Each structure stands twice: as structure tokens, then as C-alpha cells.
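Order of writing sets the chain letters: A, B, C and D. Residues in each chain are counted from 1.
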Amino acid sequence: MPSTLWFRPAGLALAAAMMLGTAPAALLAATPEDTLVIAAQIDDIVSIDPAESFEKSGGDLINNVYDSLIELVPGTSELTGGIAESWDVAEDGVTFTFTIREGITFHSGNPVRAEDAAFSIQRAVKLDKTPAFILTQFGLTPDNVDERVTFEGNTLTILIDEPVAPTFVYNCLTARIASVVDKELVLENEVDGDLGYEWLKSNSAGSGAFRLLTFRPNESYVLEAAGDYWRGDVQLNRVFVRHVPEPATQRLLLERGDVDVARDLTPVDVEGIAGNEALKVDEAPAGYIYYLALNQKVEPLNNPAVIEAMRWLVDYQGMADTFLKGQYIPRQSFLPTGFLGALDETPYSLDIEKAKSILEEAGVEPFTAKLTVRNNQDRMEIGQALQNTFAQAGITLNLSVGAGAEVLGEFRGRQHEITLQSWGPDYPDPHTNASTFTVNPDNSDEAGLTGLLAWRTAYEPGELQEMTEAAVRESDADTRRAMYEEIQRIHRDTSPFIPMFEEVDQISMQANVNDYHPGGGVDAATYWLATK
Amino acid sequence: MTAMMTWLRDPNPQSRTQARLGQMWLGWLRMRRNPLAMIGLMIVLALLLMAAWAPLLATHDPLTQNLSQRLLPPGSAGHWLGTDEFGRDIWSRIVYGSRVTLYIVGLVALTAPAFGLLIGTVSGYFGGWVDQVLMRITDIFLAFPRLILALALVAALGPGVENAVLAIALTAWPPYARVARAETLTVRSADYIAAVQLQGAGSGRIIWGYVMPMCLPSVIIRVTLDMAGVILTAAGLGFLGLGVQPPMAEWGQMISSGRKFLFDQWWVATVPGLAIFTVSLGFNLLGDGLRDVLDPRSASR
Amino acid sequence: MTLLSVKDLYVTFRTESGIVEAVRGVSFDLGRERLGIVGESGSGKTMTGRSVLRLIRPPGRIDAVEMTFDGIDLLKISERQMRALRGKRIAMVMQDPKYSLNPVMRVGEQLTEGLRRRDGLRGAELHRKAIAALEAVQIRDPERVLRAYPHELSGGMGQRVMIAMMLIPQPDLLIADEPTSALDVTVQAEVLSILDGLVRDRGMGLIFISHDLRLVGRFCDRVLVMYKGRVVEELEAKHLMQAQHPYTQGLLNCLPRIGGDRGPLPGLDRAAAWAG
Amino acid sequence: MTLIPDPTPTRRPSRAARRARTAAGLILSLVATLLGLLLVTFFIGRIVPIDPVLAVIGERATAAQYAAAREALGLDQPVWMQFLIYVRDALTGNFGTSILTRRPVMEDIARVFPATLELATIATIFGVLLGIPAGVVAATRPGSWIDQLVRLVGLAGYSMPVFWLGLMGLLLFYGILGWVGGPGRLDSGYEMMFEFDVPRVTGMILIDTALAGKWDIFRNAVSHIVLPAGVLGYYSMAYISRMTRSFMMNELSQEYITTARVKGMPEWRVVWVHALRNVMVPLITVIALSYATLLEGSVLTETVFAWPGLGLYITNALFSADMAAVMGGTIVVGAVFVFLNMLSDVLYRLVDPRARS
């Protein structure tokens, strides 16, 4: 028995109190019968305009308010009809046609037409907001988009600049930027030729299962079932998403029955509610890859031996089993689970001796480097764990913690030494990650290719770049898969990127909530199937 | 000893020194009768000793991680206050954290009053438009939401212990300036200042050599009373991740990282919280006792 | 007959530097007469006056062999019974109306507080009594004064209000603690004559505390001279000039006389033995 | 963070200064202070190393998109020009558009401020109702156990990190005992009812629901505000009780107190009527000051309790480099400080007859 019994009473009272917390207490708040109440961190929402929205939480909203040309079967990465009921590509490999489903209406009552679909794509390209690259990578520009995206009757035609794997195009069209907006309603609210940009910041013009009732940035939004939905019956009348920043608070709300779903519980909280019969936890891959990027302009980080040694200095399994438990799984390649060509192998593990001998052989003296991380609990903890293991091989890491935009600014400006970053796919096609991790046409500072991770960390991908460009044109799925597998293996072993984890979404909810699809790494959340 | 005490308690002191020492002795007696102030004194002394003897008191290295020993409850073998999410010994981190706390408190206690003293004495000594301008600036800083200003400053300067100190100091100086100015106004017209002026001393020398020393005592009293506030502000900055950077142990930051374990591993956040509470209570009790002793207006009533 | 009898009164305070005795063994008797207590500041005269009302607050403490008022043992009765005596039967006028009147209460409210709370008077009756009390101290504009705040009154006016307030319940004993020393010289005489008249008319006992020996001599029947907490001399006012004690003589000599020599006033001789 | 208002209320101008102040002088100092606030906030906003453009465009943006967003934010202008534009706009009540919410900052503040006002008001009411009696009782028995207790409770309040106390309270009273409502201003169900069934008049839920007669929402709102207001109120109480004690000690040694005792007034009346009325005079400034401090102290409390008020708004903005919002919020808080100072001046005149003439 430890010699510290005297400390017990104080702790005991608190501990006893904690245990009581799991027992049903008198004052249980209940959520309204017909409403799904979700506690989530939604302060990342910058925009709710499909042409601009690019963050996770905004995607959930847009996915339920708008329909896109092509949809994913909820919970999978399988393509299914959206606004377009069928699609095809011509022999030339660049002319894509889409047949628009008849009989669907927008929330305004206007029918959904090919004209609306064409307008939506033209609008997104012309506004040229951040996610526009998903469309512009096919050669669409604000100047040519009116000619290349056309409609006739219920047929939409998109002409791209060069042949690529057709599934690549279709995958891109499931992205939220391809959501179809109500052309007439939007143009009614146009100010100074802004294509309804101001108006769509706080209003919606979709045909999805729900209409947007209220949106209070950083506080909440409420969706209301729009009526007959062409994909099936909407089960719950309302969805109420509350911004709750603290995971601990989300857990309290969930335990007290004040919310149906909590999106952001920490591993500790998930473990804490494990014994609670009234609650359950669903898991889905979140799609985010956590990686280290070593700036190749900085000595000795550009020494292959150093990079190699560092791969052996990360305690992948140790972290995943302890403070990251359940929410991060080791992943040592850049494609997340479920993507074409995704690799599950994890050849690297913590091996300090091996790392030391690699450094010794290469004649690398002990050195100090700066590790930049975002001021976020998980990342700071990963940073501290790295600090610990790196130190054992003589690499001193100084942690530099900053706000998201600050850390990002440093990375984009190529000012970092080592930075801990995460990357989520933009559309369910392997090219989304391959194109940024392995493509860097001009490694000079002046090039300013800030959108490319390879450029940001000054990495010259060499042959990998051609391999990626070839892979995106390959139309045979099996060949394409093998190409991505090879690209990832080379990248894993030679690039200055050290992929470490893939994030897993743990969604905690009341036991009576069913068919809530969080979307995972590929898609956004689907509310309309949920019941309770 | 008795002779010494009689000398100290002599109601008719023979010299300034005797009078002053006698006053201090009386103050000490008065404070010794205040049990709360004595508790405060003991807490502060304990903090000083803890910081000085940290390597002896700590049972583990505060930085060494051991993921297999993480989140052990208090009373576990070898970790009587338990371990944190990296398996680091909480007691050792608390012990080393006291150094950081003292460091911050010490630096703020040196910088903010110094700046306030400068502004206050210059303002009070010159009067006129200098006074107007400086006091207007002081007013602006007083009208500022201090906490928000400190947050914004650290956000601007970047997180880190020196920047946290700077931010706290920059928001804490105006009251000292006020106190110093008030003192200066009473000193300014004194004959001996006039005498020094007649000897041709420059304003700088007069302020530095004659005015500032007169203002020091009242400023120092204010500083003692403000200590606990500084500790809490520093902890708050640490809590928001704007203070000391990991892996160094700082109490506010320890609470912040223990926050997510609050429900299941309560000790990770509770223990540093108690440490902050105890230490700032100690400073508050001591400061309160000192105020009773040093401020004749509130004394013995 | 004896109204107040004090024997061997001690007032002590505990402080850090030990016990301080403010009053040390003071004894006197008082009938319905006017007794003056004279002494320099710190001589214990005010403490003596206040102990009669048991107004010494902790850490101060009152001890006496006897302290009776009209047959009531002031040392034994409860605080409640004491409260019944205060104001109703023993009253006190203090030095400076600027401090002794509540600055944020209208004069009327302060004046009638006792009438309302003790006697339950309300309305017209209350008003009439208040006016009468102010008229009794020769205030010409009582209506205005009732509505005024203390700071709106002159010193002399304030002290008249104070006197009126204290005399409303017709007390048997009035303690006047330096009632005029904060006032202008011209007003002093007026206030004194009002006080004099009222005390005479109503036949109450008066303890007149002052540092001004001549004034006391003019105004009182008997005089106690105090020094360092002790009574050093007690004598009839009319025999003041024949005072025996050197301290009393010293006090008398301090006073400048019109037509007297213009040399420096003699300082007070203080022999430690007097205090012994 | 520190909720300790200055023990010596240096923010309070001297009595002489008060008298000397004319209306014009007041307005002038108000303008000067606000301009100073504008300048300091603007300066801080400029030196923040966080790039606001990145907060708008996110990770994927190309260099061209970056440049376009930068221009849209007016960040391509020289700094002094930006300041002039900022001041000009601020004078017309336009503090720019928040990057985070994409709405005019003034609109945002008008929306979130009532929540903070409601919280700080209830907290101040707590602080006053508990702090004044505690301070008075302590002053009447200096050195007694009750005095020591009041002192200890007050000092404990001065020594506790507010975020800590808030978390503990939430855990105990909501998580374990279930006596109060949880984070946020209402339970989810009631929040939707409030959103759709209650007309917004003041933005303060307690008042709006009372006006609309929606007593079930009102009750729920009460259960939610009790804890955060209690936590903030504790700090307010600590401050008010200490100041009350010290003012009361001072008043109790005044001669008019003796007068009241001589008149035979019972002790409770001496203390609670005669002395307290005088104590209220300086106490008004203290209460105004503590109210202002609570507005500021709500920053961390609102974070812990997910209270959608100004404090939370400013903190969020700060961490996203949303400087327009930070500056707007800071200036509003600063203006409220100045306003409360003026208000306490006016109230002071009402309570103290000496200041009136």
C-alpha cells in the first residue's frame, strides 16, 4: 500500500462524486422528439456557400442542404446518382455528359434543371474561391467555363482539357463545390454581379433533404426537413447543431441527455462513457493524415539519413495505444483508408538504436531543430512525445506552438523547420493526396506554389511526379491501384514527409440514435436517414 | 534578547533607526497575532524553499516520459500525486513548476513597477502638459480590458514565458504610475528638492536620486498585494497555451492539458489547480496581513 | 440629590505595545448642576464623558468601583437597558456638527429618528415636535432646516440642530463634549447661551467638557481638572482663580489677556509626579 | 485570469476632479480615451504575426486567390491609411466585417452582448446581495471568527483561477448533482423554442421570455445562468465584501455613529441605516468597477460555460486572427468601462447630497 493514505480523503470525495456522475440523476434534460441535437465544434465554418465552403463542419451543413451532381452512398465511397441520374464520357475522353433527374424541386419550389447545374459549376469557377481548383484542374477557367459547361434540355455537358481517368472526374463531382444551387433564387439576390455571393453567406438555395432555418456563426445552425425528398423519407423534422468547443462539455451534455450526438469527445471521454448503457460510440475513418514535413532548405533536415532516422524515432504504436487511443491509428503512407490504392502496411516502428546507428553511419552530429505544431491539444501532445523520443537519439526538438493560421502561414511561407500538419482529401479519389504530396513542378521560392505540400517543404519529387501524372490518366482501376501503391511506397521511404497517423472519427451518441452517418474521410455527414 | 526587545519597544526612540526598527517590530508582533497572515507567510516560504530545492524534492525528472506509466492515480507506487498523460510524475512537475511561477512573478514584480514608477515620477515631477499627456495614456490603459489586452499582446508577440511576462507587465503598470505620481506630487514641492534644484541638478538626477526613492515604499506595498493577481494571470495565459511552452512544467498549462481528463483522471488537472490556489492564497494572506500592518489607516481598527 | 455617581473609573485599551490607561481612577458626583471637566487633549476628559454612556468600544474597557445614574448601576445593566437610558435620559452633544451629524440623512430625519422609533410618533404631531425643537434652539427657518442636509448648514446652525436633537426627549443629564470649540468665536457665544438657557430651564444635569478653562469657569458650577487620566484638582468655578495645583495655574496662565504683556506665553510645566 | 480589481480604486477620479469636470470635459476625455483604445488595438492588430488572409482562404488557396483575398480585406493599403480608414469607419459605427462570421462586427456584437450583459448583471446582483451583508457583518465584529471567515472566503476568491472554479462547479452541480442547467444559455430543446417562439426584444433571455410569458423557458434559463453567474458572482462578492468591510470600518469610527448610539438607536439601526447609507456612496463606484471587471472576466467563464457572449466572441476572434472583431469587441468593452465610470459619477451625485450642490 502506498504511503500516501492521507491524501485519500480529498481525492476520494471527488472520485466518489465522479462515479455518481454516471448514475442517472434527477434532472435529465431531454431533446425534442423530432429533432436531432448535435454538439460539435463548428467554429471552423468560414462559409456556407458551396462555391466557397471548404472545412469539415461546413461540409456537413452543405451535404444536407444541397444535392450534388453525383452522390456517394452514405457511409461508403460508392458513387450513386445525385442531381444527375446517369452520366457518360465520349470516346474522346474529354466530353462528359450528365442526364439530369426529372421532377426534383428546390426548396423555393423551382424545378431543378440542367441549367441550374451548369450555372452552379460556372459560378464556382468564376468566383474562384479556395476549393475552385477541384473544377479548374480540368482546364475550366472563368473565361472559358461558359463554353465548356453547357446544357441542352435535361443534359449537362462538361468539356475538359485532356483525358483523365473518368472516375477521377466523377469523384471530383461528388465534392460539395459541385452542389447544385437554385439559379433563379440566387440571381434574384445578386448584388453588383456577385453571383449571389453575399446572400449565400447566410442563406441557402438548395434541393437537399433539409432547408437552412437559422445559421449563427460560432453558435449553432438549425435545419428543417424540406418536405418530399427525392432520395427517400426524411426521418427527423429538425437538426440542431450546437457549437460546443470543449470536449468535456460535449460529454456532459451527452451524458445528461441534452444532446443526441457529440462529435468531438477525446479518447479519455470515450473511454469514460464506455460503461454507460444509454450511450454508444460509432467509428469512421476521418480521412485526415497526420504527418511531419521537413523543410529541405534547412540543414541537416535535407540529409536522407536524418529523415530515415527520424522515421524510426516516432513511437507510432505507443502514441496510438495511449493518449491517441481510438482516434488515431498508425499510417505510414499518404492515402487514407478506403481510397483506391490505400496501403495498410506500417514498416516503421520506434527503434532508437537503429536510428542512432543510421545517424552515426552518416556522421550526423547531435543537432537541434524547431518543431512547429498548432495549438491544439492532440497535436501538442504528439509534439511532446516526439520531443521525448527524438531526444534519445540526440535530436533536440524545440516546440513552437501557434494558432492554426500562424502555423499554416509559416508552412506556406517555407519558414518552418519541421512542422506537424494534417491533410484531408478533397474528393474521394487518390489523386487528391497524390497531387499535393508528390507534385512540385518548380521548387523555387518565387514559384509560390503554396497549394502544393511538396513545394511548401521544398521537396523535389523527381520521377514520382511523372508517376502521379500517369496514374491520374490511367483508366484501368487495377493498374491504377498498383500505380498508387508504388508511388506511396517510394514516397514513404524517400520523401521528407513522415506520415504517422490517420485520424478516426469517434462519434458518441444516445443508444437510440440510428443511421447517423458521419461521412468519414470521403463524404460529409448525412442527417436525413437518422432516426431516434 | 529582552534588552533588545525593550529597546525595540521603547516608546521614546532615541534615533530614526530605532524608531523605524521599533515600528517594524510592532508590525511583526501585530502580524504574528494574525494567524491567517502567518499561514500565508509559511506558504510563501514553502514555495521559495520548494523552488530552491527542486532537484532534491522532486522524485523524478519532470520531463521524462513513460507512456506505460501514464495517468496513474495519486498514491501509486513511486508517484504519490500520480502521473500525467505522458507518465510524467505530477509531484516532480509541480515542484519544478514552482520555479517557473517564481520566475514570472519575480520578473513582473521588477518590470511593471519600474515602468510605472518612471511614468508616475516624470508625470508628477514635471506637471503641466507632460503630466496631462502621460496621465491620459495611463487612463487609456486603465480603461482597457486588461485581460483582453494581455491576451492580444501575447498573441501578437508569440507565446513564451518572456512574452507572457512582458504582456502582464504592460497591462499592470498604470496603477503603479498613479501611486508614484501621487507620491511625487507630495514630494515635489519639498524644500530639499528645491535645495537640490538650486545646486543645479538636472531633472533626471533629481527624479532618479531624490524623487524615486521616496515613492518606492508605497509602490513596493502595492507590488506585494498584486502578486497573487500576477500568478493568476500567468496561469491563465498558460491555460490558454500562451505562456511557458512544453515540455517545461507550468501549473496553468498543466491544468489545461489535464482538462480533458477531468472526469476520469481528475488529479491531472486538480493538483496543479490546487497548487495555484494555495500559492496565490498564500500571497494574498501575506499581502493582506502586510497591508494591515503597513497601512495605518486600516490598522488595528 | 445625586444624579450620577462615579467612583474609581478606569478606561483601558489593549494595544500592541501593551495596555494604555486613558482614565485612571476618576471619581465624582453630580447633581442637577453643571460640572465642567477641563484638560488638554489626551487628558482623558472625553473618555470619562463617554464611559458614562458606555460608549467605549472594544478593545477599550471600562472598570469602576461604582457608576450609578439615578440609582441605576450603569455597569450591571444590559446593553438593551443601557440603550433605553441613552438619548432618553442621558444625552451628549459632540464637538463638530460637521462630523457628528450623518452627512447623507436630511436633518429632519435625524432629528425625529428617536421620536419615530421610540415614541412611535408620525405625521403632523411629529412635524410639530420637530419644529418646536428647532425653534427652541432659536432656528428661524425650521421648515427649511428640516429639509436640509447637514453640509448645507453652517457650523453654528449644525450645532443648534445637534442640541435640539439631543434635548428632544428631555434628558436628565446632558454631556457636552467641547460643544463650541469647532465654531467661530462669534457663534460660540450664541450657541453657549442657547445651551445655557435650555439646561437652566429644564433643570437638567450637565457635564461640560472643554479645554478652555475660562469658558468652563464662566459656565459651570464646579470644575474638574484632569491630567493624564487623573483628576488633579476639583474646585468651585467661582474659586477658579485661586487654583492650587500648578497644572491648573499653568492652564490659566496660558490664556492671553487683553492689555497683558506681549511676551511669549509661558509653556506648561509638566511634573511627572502629578500624573503618578 | 485575474479578476482582482485594484484594491485601491485608482480608476476613480478624485472628488475634486469630479467636481471640476464639466460635461464638455467628460466628452473630451471620452473621445480621447476611445481614440487611444482604437490606436492601441489597431497597433496590436498589426503586429500579430497571424495572417488574417489565411484565416479566410484556408490551406488550399493558390497565390492568386491569396492576393485577391488580401485586397478584399484592404490589407494592401499602407498601414497609416488602414488606420485612418479604420477610424473613419469606426466613427460611423462601422468596425468592419468579421472574418470569422462574415458579418459586420457591430451586428455580431449587438447579438452577443446581451448574453454577457445578462450574465454580468446577475453575477453583480449575487455579489451585491452577498458581499455587502458579509462585509458589514465582518466590519461590526473585527477580529471575530466571522470576520476571519469573510476575509478567508474573500481571499480564496482572489486566489482561485476562474476557469478552474467554473470547471469544478460545472462538474459538481451539473455533472454530478444535476441541480443546475448545463453549458449554454438553455437546454437544446428550449433553445429552439426560444429561437422560434420568443420575439427578441432585449436579447436577454430572462427578460424576453418574461415579456413573452414563456415561463418554462424562463425557468430553464434561470437554471442555466445560476452557475456561471454564481462563479462570477463569487469574485464580485469577494471584492465587494472586502471593500464594504473597509468602508464600513471607516464609517463606524465616525462621530455621527456615536451620535446615533447616543440617541439610543439599536445597533442594527446604527450599522444598517446610519453607516450603510454612507458606505453606499463609495460602494457605488466599487460596484460599477466590479461590474466592469465582470464584463472582462467573462472571457474565461464564457469559454468554460459555452456562453455565447462578448467574451467568447473576442476570444474566438483572437485565436483566429479576426482582428476586426477583436478591435470592435475591445473598443466596446472599453467604451462600457468609460460609460460605467460616468454612470457611477452620476449615481454618486444622486446618493451623496454633498456632491449634488
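Following the convention adopted for this analysis, contacts are C-beta pairs under 8 Å (C-beta built on N, C-alpha and C of every residue); 3 or more make two chains touch, one makes a residue touch a chain.
Since the structure is predicted, the reported quantities are computational estimates derived from the model, not experimental observations.
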item	value
More contacts between chains, C-D or A-D	A-D
Closest chain to the centre of mass proxy, which here is the mean CA position	D
For chain A paired with chain D, centre-to-centre distance based on mean C-alpha positions, whole Å	39
Euclidean distance of C-alpha centroids - chain A vs chain C, Å	88
Approximate Å spacing (C-alpha centroids) for the pair chain C, chain D	50
Centre-of-Cα separation between chain D and chain B, whole angstrom	25
Residues of chain D whose C-beta touches two or more other chains	49-50, 167, 171, 175, 319, 321
Junction residues of chain B, two or more chains touched	155, 158, 259, 262-263
Of chain D, residues touching chain A in the complex	49-52, 54-66, 68, 98, 100-103, 111, 167, 170-172, 174-179, 181-184, 187-189, 191-192, 195, 223, 303-304, 306, 308, 312-313, 316, 319-321
Chain D residues touching chain C - in the complex, by the definition given at the top	254-256, 258-266, 269, 274, 277-278, 280-281, 351-354, 357
For the chain B and chain D complex, residues of the former touching the latter	36, 136-137, 139-153, 155-158, 174-175, 178-179, 222, 225, 228-230, 232-233, 235-237, 239, 252, 255, 259, 262-263, 269, 273, 276-277, 280-281, 283-285, 288, 291, 297-298, 301
Of chain D, residues touching chain B in the complex	1-4, 6-8, 10-11, 29, 32-33, 36-37, 40-41, 44-45, 47-50, 142, 148, 151-152, 155-156, 158-164, 167-168, 171, 175, 246, 249-250, 253, 295-297, 299-300, 314-315, 318-319, 321, 326, 329-330, 333-334, 337-338, 341
In the complex with chain B, residue positions of chain A that touch it	2-5, 7-8, 11, 14-15, 18, 21, 246-248, 251, 266, 268-269, 271-272, 315, 318-319, 321-323, 375, 377, 380-381, 383-385, 387-388, 399-403
